[in-house]
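For reference, the structure I am asking about is given below.
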């Protein structure tokens, strides 16, 4: 009694499309850029797109949930690994993994679908700060405002 | 007593990198191609990359879990919506959403990170078949074998 | 710049408590009862509590996402397995698993945390109907209305 | 070609049952007890059952993923909220939520299905330590060994 074979319900939920130009990339220093696309805070989900320039580094961090990385252009690596992430590559970072991002080529482009938080570590492995979807969204909205983009329509929920 | 501030454990799990050429694209007819990259069957997770040619269609289907689509090249749409998915766009398909894929431009490239199953529907909305990560993996491995690619190292688990 | 060590933010999200009597159990026939507690439809999440009577059966179904079962009282089993689920036991049903619920003792009580849909199968393994969180919620709300419970405050989202 | 309507595949994955006595409760001090039931580390999932005695406290912590709490017996609360969790209640703690557990009645019993990590906080809101599924499993196995239970068969993966 709890089921329905007919799937063409009037209540069918809708997909949400966010075009390449629907949300701005904000400058985060040195020509590196960030776009926060989708945050479902209760679930711990956050999806961002980055453009990195050669030499850019992200502090060593440990993830508390799984991360799925899709590289579209350029080249970047984690210092802890030999391989280089290039266009068309996929990266799976399990919960608990630790790494230090280093960008190898200009205009590297990557989507990260992340769950949980980044625990940003000092060189001796202590937690210096925490980044999660809610914090990333706040920072993005503030940078959008400061850089003249107004309030973009990030998918929330 | 259950915690540890020191995060540089010898047990740190490793990220898994799958380069663009590490897994083959198999032909699925008409120049359309499929690569199955990652399947975590117990969780219902499956990640694929597709190359579609203009005119390619995927039967109307309903998703039982959320889907996250990242378009890298070309143009495609769902017949149920006006927008066209192009390079750099993001698509969120909530669990329960229903749509019919139609490819608009040749060499369209999309990553889909999917949870759950596709319920493939007849024109009157009844379920004709089901596709999930385990089935996609089986099909991919069979096609790899048939097309001379041997047994590729799909990330499983 | 995207992080914050200070975690006592004014934006801290709140936990939601649903007391044992905050939502009614509805009768679903033969003294068997259902409570729908939490539905996050976009993610495919649905959490229910059931009270089953001896002899109650649920049609054979396949799950498209993982299910986590917590048995509080009584005894029930899946016909496909020998073990009996009793108070204090845990059951993990991976995506793709198939089974036929049979209740062994009166007043069996189980929480199910489910992702995705139940594909209800005929004896020859074809899909007869589909139950998901949205459908369960609709049915529950209708039964609440019909049984004089008004509109209960199920956690949605 | 990627689908199958016939669901009675020989490859159907199996459910895993863990009976109430299949895993030991270990003593964690003062008559409080812990059972680690299921850890899927890559996904950040950990499921535990606790028995708490009146007066037991868990340090203030922030969750980086969602938590689902099922209370079977007794009474406990978070100091930050007025409500008391009693038998038959459900608690949803979204990612980012912060709280300090205090047990009100002896032999309180709760299942927690958790994703991500607990960031354990000092009184001024700084992170003192981190607990996640992998750490909880290590601690549980060590306590089992020390308390004469050998190596229990926790569901891993």
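By letter and in written order, the chains are A, B, C and D; residue numbering begins at 1 in each of them.
Note that a contact is a pair of C-beta atoms (placed from the backbone, for glycine too) under 8 Å apart; a residue touches a chain by one contact, two chains touch by 3 or more.
Each chain and its UniProt protein: A, B, C, D = Cupin 2 conserved barrel domain protein.
Note that the structure is predicted; figures quoted are calculated from it, not measured.
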Practice item. Call it same or different for chain C and chain D: same when shared residue numbers make up over half of all numbers used at their interface. Key: same
Check your understanding: What chain lies farthest away from chain A once each centre is taken as the mean of the Cα atoms?
Key -> C
Point to revise | chain A and chain C, separation of their C-alpha mean positions in angstrom | key: 32
Check your understanding: Where the CA atoms of chain A average out and where those of chain B average out, how many Å apart are those spots?
Key -> 19
Study note, to complete from the structure: Multi-chain contacts in chain D, i.e. residues touching at least two other chains, fall at 5, 7, 13, 41-43, 94-96, 119, 127, 130, 134
Review point. Tell me, which parts of chain A touch chain B in their complex?
Key: 5-8, 12-21, 37-38, 47, 49, 62, 68, 70, 72, 78, 81, 83, 85-99, 111, 113, 119, 121, 125-127, 155
Review point. Hey, which residues of chain C end up touching chain A in the complex?
Key: 1-5, 7, 11, 13, 28-29, 34, 40-43, 118, 120, 127-131, 134-136, 138-139, 157
Exercise for review: Flag every residue of chain A that touches chain D in the complex, lowest number first.
Suggested key: 41-44, 64-66, 94-96, 115-117, 119, 127, 130, 132-134
